[in-house]
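The structures come next, written out as structure tokens.
Consider the two complexes below, in which subunit A is the common component and subunit B and subunit C are the respective partners.
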Partner chain A sequence: MNQYVILTVVLPLLAAFLLPSAGRFSFSIARLIAPLVLLFSTYLLIDVFISNTEPFVLHIGDFIAPQGIAFYIDELALIMALAVQIFALLLWPWKAPGSDTNSSASVKQLSLMLLLVSSANGLAFSGDLFNLYVFYELLAVATYGLIAYNPNNDSGFDTGFDTGFAAAFRYLIVSATGSVLALVGISLIYFLTGTLNFAHLATLQTTLYNPIGLTAFILILVGFGVKAELFPVNSWVPEVYSATSRRLSALLAGVISKLAVLVIIKVMLFIFPYDEARQFVLILGLAGVIVGELSALKANDFTRMISWSSVGQLGLVFVAFSIPGKAGIIAGLAVMFHHMLTKPALFLIAEKWGGNFSLLNGQGRKTWLLSAAFVIIALSIIGVPPLPGFWAKFLLLTGLADNTAYLAMIVILIMTVIEAFYLFRVFNHLYGTETDTSGNILRHSFLDQLTVSVLTVLLLVSVVELETVNIMLNSMTDQLTDLNGYIARVLGSSGAGI
Partner chain B sequence: MNALDLLLLLSLITLGAAVLLSASLTGRMLTTMGYAVQLVALFKIDPASVQTSSVVFNFLNHTISWSFNGLSWFFALITIGTAFLVSWFATSHQQKMLHGALAVNVFAMLLLLSAGDFLSLFISWELVSWAGVLLMMLGKEDSLQASLRYITYAIAGGMSVLAGIVLIYNWTGSLNFDALYGLNLNPYQYAALAVLFIGGFSVKMGLMPFHLWQAPAYGLTAGPATSFLGAISSRMGLFAIIVTLMHVVSLETLQQLELIPDMFSVRNLLIWIAAISIVLPTFTALRQNDARLLLAWHGIGQGGYMMLGLLMFDRMGSAGGLMHVFNHASYQAALFMSVFAIIHRTGTSDLNKLGGLVARMPLSFLVMLIGIIGLAGLPPMNGFVSKWLVYRSLLNEGMPLVFLAAVIGTLGTILSVYKLLHNSFLGQLRLEHEHIKEAPWSMTIPMLLLSVVVLATGVMPGLILEYVVSAQLAMGLTPIDYHLGGITSSGSNISGDLDMIWVVVVLFSGFAIASILFLSTGKSRRVHQLDNYAGGHFLNANNQYQYSDNFYAGLMHIIKPWYRYSFKWFEGALTSLVNLASVVSRSFFNQAHMLILMLVAVTAMMAVVII
Partner chain C sequence: MPDIASILFSGALGLLVIGLGGLLLSRHAYRVLLALVIAEAGANLMLVIAGYRWDAVAPILSGDMAPVAMVDPVPQAMVLTAIVIGVGVQALALTMIIRIKRTYGTLDMVQIKKLMEKDFDRIASASTSASKSRGKA
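== the complex of A and B ==
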């Protein structure tokens, strides 16, 4: 059964390229195929997840690593891939963005979505840097297309006169430059070691502990950091997230950014487990927290506010992963999964709540369901106990204290106050103001309400099931930090391939 | 299920009733009954025992638990008692959210009071903070601003406490209250914990310099909510500080942390902060023209007395500080209720727009009279007893300067409460208030009950001292010797006997003599308020005798130059700084050439690596 995991990469990819042809026959078939493929991948992943307790390796075409391509599939990779499928389904573009009519998404968009899912799965499983880079590029291409996608245009995409165009173009420039940097970094590693397989590189760590090796790490960090919303390369975030459809923003901010984070973390764990590397991640993460939260403070519309807050949250993720040892991984995973649950819900809420905050006046009574969901999510993000966000932050803070990173602790605590300020301001608009002149009701579609409710309930369930979540995080961390096991599984216990 | 579980369960049931049923009058009455039942359940718990809730949670191999001791019991009595009367007072109040918010507050406070370890302390502390917002948001636009300011302060305080808890966890690997027992940390570690915990908790307490949020946040919200908030809410900070002193840094440790060797320790610093928190807010209260803000500022000042008493940490001081919590809650709730009875009838609490209401609302007047005597700390009301204990303790411990500050504070209190009473009830009735009636019975009965409490516990302080003693025992102190009428100091070398019953007898015999003299010297004639004259002129409806505007003009002239608004300035400066930082960080996202920064960052990092 295990080898079928490969289908979760292949099938969406195949479907993505077949969809345009299928769409010429019948649009409804094309529309049906795409979610069916995702459902099938979900089923496969769940099945594999249940039947495996140990990580396993897929050697593609039975070519042994490090020469062949290896997929390394552990709990974390499975959960991330599952999250990709599930969120892609939850956030599927059933309706074309920007159009209020029932005109459905075009085949082009669906095909790009499938491409996105396929490459995201590949990113989760890949066991070597070369394939990671390939899937990352594939992901980037799909993202450009989706951001620029505009159903109201004849060509289907934004041209120079449309709002999304500028955002997509800027994103393209940053992301493409990032890719080039990452490629240079990967080349440097190859130059130093002659291999790109993670397991093989892990055995050669010491050859990389020099200025050139660390330069390679910096280039990879910044290059992949573009999608992970890392500090100096995240200036595209608010613009893109407010220009594209909220469902796409939710997917990008919620899941795709996490995959990029994990790529960086894997590189850091397997190849560069050095304090210097951690320092860079810590500093850039902290800068991200500061810049994100401070910018969100002055945001004057809801979408931008949560985009900036997303920058801050991902900064927190990086700070957490920069803590050495298991404590850091657990904290990082906790913060990351928390953000993965909350941010998509916030973007879905932003679907109707965009624009000036005063539009929200009095909505707390009119649209109570989503307002209540927003309050719960926001409180969790601030870290109000006993919501999950608090436990994640607690793990993060104790981890920092263990490593006497008191400055980072102080920064995070202060930024939490700022976070509380700007989120609470929204509560004030929702519940406090009695002078609601507009009288409009910002009602979300039933589907959005359902999705947000499901995510919020999941958040609340994780409070009750804290112990289970803890156990899962621990087992994922154990698998991720078991470097010797990793090497043995990929290269064979004798190291046959080397 | 033990008694504590029962109490918490009842509180939850009340919460449910308040949320679901408060739309109807019956539902609101049921909610009020719910608090009464909680009081009964509370009295089922023996204050001298320790009750541990059977509900526990596990996290990180750590068990989060809740338990109740004499100290918790004492604060719980005040919380539930206030909630009961406030809820009664609010039965005619239509605002739907009020009753639910009140019940949430009570539940959160009970959780805080029964916190059994640092984690449950922090969890319930945050719950209390956020529950408070629910009440504060009930008012109009300005109360929303105040609540936003409050939550910023509260979260900042909470984060400070969280930092302290994380440090303790890091140093000891445990989150139990006994984590630090028997450990010898170095002075810097103790200093860090003291700053983080006491600083964080004193935000809620409104100790200076963290006091700016409190008066508007408490004063400007909807009526009954103010009574509750003003009476008990900020005392949760005091409770948490006591817990800190018991389990984190003891007063002896604070005494050993010297800022100036042999002269000035952290404890002295706290004592002076408490003293300043008495004086400055009291005189700020004197300057207020809104009755609600005047009282709310006094709430901050009175908190200073409690803190002062506790920082003495001897038998008398701590008893005085604790008893003042109860006393303050009783008269402050009564005073706010009386003010809201006025607002209920006249629609304003502006002290320059009221006057003469004694003729129309005599019961509210009586309540306010008793309340202000309590607030000013004069016999025979309960405020006198607790303040007397604090004064005695200050003198016994040899702190005449702090004593002087406390007395100045009391002076300011007396002046400002007279302003409150005079401007609202005395003087001449305004024409527009000619047809005003007394507040409805649903409001006056709880007010009067509170006044009875203020008077009764003033005459017979032993009623409360019984619980104060069990709280002292729970804190590990030697309790004071008390009897029904007051305190005996037998068996100790410090002086200080007080028998309120005798004080009252003397006082009332004085009154009796005065009234005999008054009645025996001829007849008086009742006149209408407008049938009067001043300065040789007859007063009529167009030309009134009303001294309320610019009250205490001379005194104001004297104290005004002392106000530099430094705290406000500092708060403003901090806000501007954050705003500036925000603008700067936003400009990062607005730049035209995004790639430059990317290359700069990469080059800089490479430079670090290579060098």
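== the complex of A and C ==
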């Protein structure tokens, strides 16, 4: 059964290219195929997740690593891939972009969505640096198309398409520059070691502990960091999330950015487990937190506020992963999964709450469900106990304290206050005494309400099931930090060939 | 006389620097794209050099040939992939440039950003004015 994991990459890719032709015959068949493929890969991933307790390796084409490409499938990779399928299904473009009618999204858009899912699965599993680069580029191309094609049009203006193209072009330039930098980093690694397989590189770590190796790490960090909204390369974030539909923004900010983070963690853990590399990640992460939270404070509409806050949160993720040892990984994963649950919900709420904050006056009593969901999510992001956000930040801060990184602690605490300030400002509009006289009710579609409710309930369930979450985080961390096991599984010929 | 390897390396680095400089300094969208093309060429050249050996032959095995030192074929295969990806992205970027020129009438990156931000504000204020609130944007 295990070798069928490859189908989660292959099937969406195949379907993505067959869909346009299928759409010529019958639009409804094309519309049906795409979610069915995702459902099938969800089923496969759940099945593999349940039946395996140990990580396993797939050698593509039965070529044993390091000659061939190896897929390394551990708990974290499976959960990330599962999250991709589930969020893609939750945030599936059921409606055409920019219309309130029930006409369905075009075949091209569905095809791009499948391409996105396929490459995201590849990113989660692949154990080869160049293979990761190819999947990353595939993912990037799918997102360019989706952003250009997915106007945000909740205002009824027909400017949506134009802003979409402009934002997509500006994003493309940043992202393609990042890819060039990452490619240079990869070629430097190849120059020093002569291999790009993660396990093989892990055995050659000392070869890379020199200025050229660190340059390569920084190039790869900044290059792949574009999608992870890392500090110097995140100017695209508010533009793209303002220009595209909120459902796509939710998918990009919630899940796709985490896959870039996953790639960076793998590079950090397996190839460059050095203090210098961690320092660099810490500095960029802190800069991201500061820039993100301060810009969110300055933003005067809901969408840009949560876009910048997303930059701040991903900064926190990088700060957490810069803590050495298992404590850092656990804290990083906790912050990452918390962000993955909360940010898509916030973007879905922004669907109707975009625009000036004063629009929200008095909505707390009119649309009680989503307002309550927003309050719970916002409190969790700030880190109010007993919500999961508190535990994530607690792990992060204790990890920093154990490593005497007091400056980072102070910065994070100050930024938490700022975060609380701008989120409470929204509460004030929602439940404050100032009421809106027009009697406008910002009602979301049923689907959005349902999705946000599901995400909020999941957040609340994780409070009750804190013990289970803790056990899972620990086992993921154990698998991720088991470097010798990783090397033995990939380079020993124990894996299954396809 | 400097050896050929260092000349090629500095050439690749030079292309990268020219490309990145162009990306940062150009305002015209088409020039930004050309700068990206140059930077990509630099990165690709870097990748080819990474596996090249000057004392070796092309990595092709024929029947009765005695095994000799060969050039590493892996980076050459990888660079082909990278070139193809680059061409695809550049073509996509060109179509976007055409689309932007048609709608905004300009290819100045600064102008495009301004017009885009204005559109965002318009969208934001459109939903605000619909509810007749104070509107501070």
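A few points about this structure:
Note that in this section the second predicted complex is superposed on the first by the 479 of 498 C-alpha atoms of A that agree within 3 Å, B and C clash if a C-alpha of one lies under 4 Å from a C-alpha of the other, contacts with A are read in each partner's own complex, and residues count from 1 in each chain.
Convention: a residue touches a chain if its C-beta (ideal position, glycine included) is under 8 Å from a C-beta of that chain, and two chains touch if they have at least 3 such contacts.
What you are looking at is a predicted structure, and each value in this text was computed from that prediction instead of being measured.
Once the two complexes are overlaid on the shared chain, A:Pro232 sits against subunit B while remaining clear of subunit C.
Of the two partner chains placed by the overlay, only subunit C lies in contact with A:Val141; subunit B stays clear of it. In the superposition on chain A, contact of A:Pro211 is made with subunit B only, not with subunit C.
Touch criterion not met for A:Thr468: it reaches neither subunit B nor subunit C. Residue contacts after overlaying the shared chain place A:Arg170 against subunit B and subunit C alike. Of the two partner chains placed by superposition, A:Ser26 touches none, neither subunit B nor subunit C. Across the two superposed structures, the residue set of subunit A contacted by subunit B and also by subunit C is 170, 173, 177, 181, 239. On subunit C, the positions that touch subunit A within their shared complex are 16, 19-20, 23, 29, 32-33, 36, 39-40, 42-44, 46-47, 49-51, 72, 74-75, 78, 81-82, 85, 88-89, 92-93, 96-97, 99-100, 103-104, 109, 112-113, 115-116, 119-120, 122-128, 130-137.
Only residues 170, 173-174, 177-178, 181, 211, 214-215, 218-219, 222, 231-233, 235-239, 276, 280, 284, 290-291, 294-295, 297-298, 308, 379, 382, 384-386, 390-391, 394, 397-398, 401-402, 409-410, 413-414, 416-418, 420-421, 424-425, 427-428, 431-435, 466-467, 470 of subunit A touch subunit B when the two sit together in their complex.
Within the complex, the subunit B residues that touch subunit A are 57-60, 122-123, 126-127, 130, 133, 137, 140-141, 143-144, 147-148, 151-152, 155-156, 159-160, 162-163, 166-167, 169-170, 578-579, 581-586, 588-589, 591, 594-595, 597-598, 600-602, 605-606, 609-610. Subunit A makes touch with subunit C in their complex at residues 130, 133-134, 137, 140-141, 144-145, 148, 152, 154-157, 159-163, 165-170, 172-173, 176-177, 179-181, 183-184, 186-188, 190-191, 194, 239, 242-243, 300-301, 303-304, 354-356, 358-359, 361, 436-438, 440.
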